[in-house]
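Notes follow once the structure below has been shown.
Going in written order, the chains are labelled A, B, C and D, and every chain counts its residues from 1.
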Amino acid sequence: MSDSSNPRPSPPRSSSQREPEARRPWQRLIIAFESPGPRRALQATIVLLLIVMPWISSQYTTVILTNALLYVVLCLGLNIVVGYAGLLDLGYAAFFAVGAYTVGILTQQFGVNFWVAIPFALVAAAIAGIIIGGPTLRLRSDYLAIVTLGFGEIVRFTARNLEITGGASGLSHIPEPSLFGWRIDSAIDFYYVFVVLAILAYVASQRLFDSRLGRAWLYVRHDEDAAEAMGINRVRIKLAAYVIGAIFGAIGGIFFSVNLGAISPESFSFQQSVLILLAVVLGGMGKIPGVILGAFIVVLGPELLREFDTLRLLIFAVLLLAIMLFRPSGIWPEKRA
Amino acid sequence: MSQFRNLIVSTALLGLSVSSLAMAQEPPITLGVQVPTTGSEATYGQDMFNAMQLAAEEINAAAGGLLDGRQIELVTGDSACDPQQSVNAASRLASREVVGVVGGYCSGATQPTLKTYGDANIPFVIVAANSTQLIPANPGNAVMINSTGDDQAKTALDFFEGKGIESLAIVNQGDAYSQDLANLTRDAWTEAGHEVAAFEYVNKGEQDFSALVNKIRGSGADAVFWTAYYADGGLLVRQLRQRGFQGTIAVGDGSNSPKLFDIAGQAAEGVFAFSNPTADFLPAAEQFIADYEAEFDSAPGPYAPLAYDGLQLMAWAIGKAGSTDADAIIEALNSADGQEWLAGPISFTPQHTLARSNFVVLEGQGGRWTRYAP
Amino acid sequence: MVKDARPPTVAETATERPGRVRLRLREIEAFYGQIQALRGISLDVHEGEIVTVLGSNGAGKSTTLKTISGLVRARQGEVELEGESITRLAAHEIARRGVVHVPEGRRILRGLTVQENLELGAFTVKDPALRRQRLEDVYARFPILHERRHQDGSLLSGGQQQMLAMGRALMHGPSVMLLDEPSMGLAPKLVTEIMRIVKQLNEAGTTILLVEQNARLALRLADYAYVIENGEIRLHGAAATLREDASIIKAYLGLGEES
Amino acid sequence: MTWYDSLLQQLVDGLVLGAFYALVALGYTMVFGVIKLLNFAHGDLYMTGAFAGFGGLSLVSGVLGAGWLGIFVAMLLAMLAVGCLGVVIERVAYHPMLGAPRLSILITALAVSLVLQNAALSLTGGQYTAFRTDLGFGGLNLGNLFLSYNQIVLVATAGVLMIALELFVSRTAYGRAMRAVAIDKEMCRMLGINVSAVIAVTFFIGSGLAAAAGTMAGAYYGSIWYFMGFLIGLKAFTAAVIGGIGSITGAMLGGLILGLLESFGTHIPFIGSEWKDVFTFSILILVLVLKPTGLLGKSEVERM
C-alpha cells in the first residue's frame, strides 16, 4: 500500500476550529437551547408570545408576522430538500405556486370546498416534486440548481399564459374558508392559522430529522456512494425529500392564496425562490431554529428598514453579505454538518 | 442619524402598540398615499406623491385644513409595484388608522390591497390604476377616478378604425395591466369585425425584440398597439422603425411618458398614444403647472393631475361627510356629482368607476407629445 | 515493529556531510485540524545531495515535504532555504525561490498537452530564451515527451507521467527538488528507470529530497537518510550506514523480506 | 417575406442576440472554472458595465462623439472599471469564503447581486436611463434580409473579443495558468503560480467582458436600468450550462445556440410567443438531463 491511501485530512483552514468554546452571551443562549429543559421553556415562551402577539400589537405587525410564519413553513420545507438531503433547489417557489393555484382554481373556478381542495393540492405538489425530482436526481449540484430554476420559471410562465390560472392578473376572489362555522377571514384569523401551520411544520421537521429517513438523508448528503453501499436507495431517498419539501411548500401556498384572496404569477418568481433559499442558508442549513430565525430575518429585515425608503433594500443586502462573510455556515449552523 | 432613530422607533413600534401615540389637541387628519416609491415605477410614484402634497398644502393653507382646522397629514406606503409589498404597505397604513387612502398606480399591486382596505373599511381613491380586474375586486369602499381599460380599448378601436387599419398586432408585457388592456382591445377589435394579425408577449426587461419585430412584419399587420409601459415600449418602437416597419404605431397610457422620446429617439416621431388627461392638455391646469414647477422644480408627470384630483376629492368627501367616519366618507365619495375638477368632471358608475371616458389621443411630434386631431 | 522510547542512534553522527546546507528544517510541528502530524522534525539537505526520508504509511513523510513547499503551514519551527527563513512564505513564493515539489501521484494537469504542462513548469521564468533552452533540455533528456508533446498529459502511462512531472520541475530550474514517491504504482522495470533518472538529475547538479516507501531502493540512491515514525525523526545517518545495518532495516523499515 | 427569408433573418438576429449571451456566458464559465462558483452577481456586472459605459461615453463624447469610436473608448473604460470591480468583489466577498460550504458561497454571490442591484437602484432611483448615441438606423438590405450596420459592428466586436480571449487562454503563459488553476490549484502553487493573482485576473477578464456586453447593449438598444442584468444573467447562465460550464468554447457555442433558440422560438407554429421562454427552459432541462455536462463540458463525477 502506498502513502496515497492515507485518509488525507483537509488542510487546516479556519481558525474557528481551534477556537475554544465561545462564551459570548448569545452563544450561551444557543447552547442553553440545545439542552432539553431550557428548550422546552423557550418553546413554551415563544408559543405563548405568538398567541398573545395580536392583542398587544397593531394589525400591521400581525400581517407582517403572518408573512413571517408563512416563510417559516416554506423555509422548513426547503430545508428538507437543501438542508437535510443536500439538494440545491432554486425553484422552490414552483411548489408554493402549485399549492396556491390548485386551491385557487378549484375553489374559485369550480366552487369546490376549500377543505376538499386541499388534498388535491397536496397530490398535485407531490406529483410536481416527482416530476422535478425524478429526472434530475443524478445531476451534479450546480446543474440541479439550474434545472430547478428552469422548472420554477416554467411553472410561473405557465401560470401566466393559461386561461384557467387567470393569466398575468392571476386569480382574485378566492373565497375565504370556514371551519366548523368559523369563517376565517380577518388578518388575526389568518395569523392564528399560520401559527398553527408553523408549529406543525416545526414538529414535522423535528420528527423527520430524528427519523430513519432523516438519518438516511444525512448519509446520502455526506457520502452518496457509501450510503448506497449500506443499502440506502438514494434515488428514493432524494425523491422523498423533494416530495415532502413540495408538500410543505404547497401547504404554504394553499393558505397564502386564501389569505391574500388573490394570487398572481409575480408572487412565484425566481426572486421568491431565492428569498426562501436565502433564509434557509442564512439561518443555518439543516438546523430548524436557525431556519426559523432566517425566515424571520428575511421578512422582518426589509420591514424594519422601511424608514430608509429607497436605501432599505441596499442596507438589507449589505447586512446579508456581512452575515454570510462572518458566519458562512449561517447564523445558527447545524453542528453535525 | 435621524434615519437611525427612525429605525429604532419603528422597531419598538413593531413590538408595542402603535395606536396610543401622538394624541395632540387638534389631531391632524392622516391620509395614506399608496404609490411606488421604489422599483421601476418609482418616478411615477414620486410625481404622484408630489401632486398630492401640493393639494394637501393648498387645503391646509387656504381653508386652514378640514373639519374646523384639522390639518391634512400624508403618510406614504411604498407599493413598489409588487403585490406582496403593497399588501404589507397597505396593512401598515391601515394600522396607522389613516382616514383614507389615495393612490394606486400599478394595477397588479393595487388589486390585493383592495381587500386590505375593504376589511379595514378605509375609503380608497384609486387615481391611476385602471385595469378592469380591479372592478370586481372592489368591496365598495374604493372609487376609480381614472378611466378603465374598457374606455381605453374603446378609444383604441375608434382610433384605429379612423385610421383605416384592417389588421392589428397587439403586444403586451405579461403583467396584469398590459395583459388586461391587450385582451380588451383584442376582444373589441375582433368584435368589430377586424383581424388581429399577431397577439404577442414580451418579458419585462428583455431588450431584444428582433424576433418579435420580424414576426409582426411577417404577419402583415398595418398597425401595432403596445399596451404596456414606456421603458420597453421605447425599445419596441425603436426596433420596429429600425427594421423598417412603416405602419401605424400606438401605445397605451402606460407609455405616454415624455421619456419614450429619450429611449426611442427619432423613432417616436409619429407614434400615437392614448392618454389620460396630462397637465399640458388641460385648460384648467395652468396654475397647477406653475405651482408644481415652483415647488418641485420639474414639470408635472402624466399622473400628477389625477393624483392632485384624487386628494382633493378625498378632502371634499371628508368635508361633505362632516367627520372622519369611514362610511360617511365612502358615501360622500360615491355621491360625487359631476363637479368639474382639474382633470374634468367626476361622477361614478354603480361599479365605482369614472362615469366618462377621459382618454385623449396624443401624437409624438418634435420630441414631445401633442394633442392629435384627426 | 519495535516501539522503543529511545531508539538506537548509532547512525546519528557517523558521517561528515559535504557542501553547504541548502535546506534546513528546525523543530517543525504541523497539524491537520486537531491532529498533530509532525512532532519536531529537524533535518538538513546539503547542496548536491540526495537525501531520503523513509517511513511507513502515515508516518509524516509527505507532510514534511508539504510543509517545506508551503502547502501545509508549520505551527512551530522554521524552514530555512540558504539560511533564510521561508516558513511564512506562500507556496508559490517558495516555489519561486527554487524549491520545486513533485507531488505524489504526479498531478499532471488534465486537459493540457504535455508541452503545456512543461511550459507551466517554467511559469516563473521570465526569459523566453531560457524557457526554450530548458524545454529543449527536457526533451533531450526525455525523448518520449517530445514524441508525445501534443497529447493530453494525463493520458500518458504512469512512467511517462512521472517523467513529465520531473521534466516539469526541471523547467523551473530547481535549487531543491522535493520528490514524493516517484516509484509509486510503477512496474519494477520502470522503477529502476525512474531511479536512474533521479540519479542522473542529481549528478547534473540538482539537490534532491526524496520521499520513498521503497526504502531499499531509496537507500541505494541516497547520500543521507532520515527515518520518520509517528511524525518524529527516529533515526538518521549516511545512507550507506543505514543500508548495511540489517537490524535497523528490520526494526524501522519493515523490510525483512524483499519488497 | 418568404419563409426562406424569414428563416435567414431569424438566423442573423439569433446570432446577434447570441453574441451578447456568449460574452456574458464567458464570464460565468471562466469564474466557474477557477473557483467552481456560480457567480450570480455576473448579470449585475453586465448592468454595472452598461452604466459605466454610459458614464464613460458622456466623458468622452465631447471629444470623440457618440458614434462607434466614442462607444469603443467608453467600452474600454467600462471594461477597466468593471474588471476592477470584479476583482474587488472576488477579494472582499468570495475569497474569504474559500472552504466554506458551497451553498454559502452561492448565497454570498446572491447577496453580492442584491447589493449591486440595489446600489444601482438607489443611485438611479429605479429610472430607466436613456443611453443616447449618434448611431444611425442604416443597414444593408439583402433582398428581404436586413442587416443593420450596428449589428455588424456589434457581432464583429464580440467576435474580436472572443478570439482575443481564446488566444489569450490557449497561447499565453497566463492563459495556461488559468486553465491549470481550474484543474489543480495546489499543483499550481507548487509550480510557483500565484493562484490568487490568476483568480483575480480571471475575474477581471470575465467582468470586463460582461461590461463590454453591457456597454454595447446599452448603446445598441438605447436604454439601461438597474434590473437589466437579471434576465440576461439567467440566459447567459443557461447558455454556459448548455455549452458545458467551465468550457470557454462551450460558452460561446451555448450563447449562440440560445440566441438562435430564442429567435426561432418566437416563430414556432401553433404556439404563441408567450411560450418562448418555456420552450427555452425545456430545452435547457432536456440538454441537462440527457447530457448533464453540457455539450462541451468534461465529464466529471462530483457531488455536493
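The criterion applied here is as follows: contacts are C-beta pairs under 8 Å (C-beta built on N, C-alpha and C of every residue); 3 or more make two chains touch, one makes a residue touch a chain.
Just so you know, these numbers come straight off a predicted model, no measurement behind them.
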Given chain B and chain D, the chains that contact each of them: A
Far-end chain from chain D, centres as C-alpha averages: C
Geometric centre: closest chain by C-alpha means: D
Chain centre separation in whole Å, for chain D relative to chain A (CA means): 32
CA centroid of chain A to CA centroid of chain C, Å: 52
Chain A and chain B: spacing of chain centres that average the CA atoms, whole Å: 36
Whole-Å separation of chain centres (CA-atom averages), chain B against chain C: 76
Junction residues of chain A - those touching two or more other chains: 10, 160-161, 310, 313
Sequence positions of chain B contacting 2 or more other chains: 38, 42, 174, 201
Residues within chain C bordering two or more other chains: 71
Interfacial residue positions of chain D with respect to chain A in the complex: 32, 38, 93, 96-108, 110-112, 114-115, 117-119, 121-122, 125-126, 234, 237-238, 241, 245, 272, 274-275, 277-278, 281-282, 284-285, 288-289, 292, 300, 302-304
Complex contacts: residues of chain B adjacent to chain A: 3, 6-7, 10-11, 13-19, 37-38, 42, 78, 82-84, 87-88, 91-92, 94-96, 107-108, 111-112, 115, 119-120, 131, 133, 136-137, 174-176, 178-180, 183, 201
Complex contacts: residues of chain B adjacent to chain D: 38-43, 46, 174, 199-203, 205-208, 210-212, 214-215, 217-218, 230-231, 234-235, 238-239, 241-244, 259, 262-267
Chain B partner contacts - residues on chain D that touch it in the complex: 1, 6, 9-10, 13-14, 16-17, 20, 121, 125-128, 130, 132, 137, 139, 146, 148, 217, 221-223, 225, 227-228, 230-232, 262-267, 272-274, 276-277
Of chain A, residues touching chain B in the complex: 56-64, 67, 160-161, 167-170, 172-173, 185-187, 260-262, 264, 266-267, 300, 303-310, 312-313
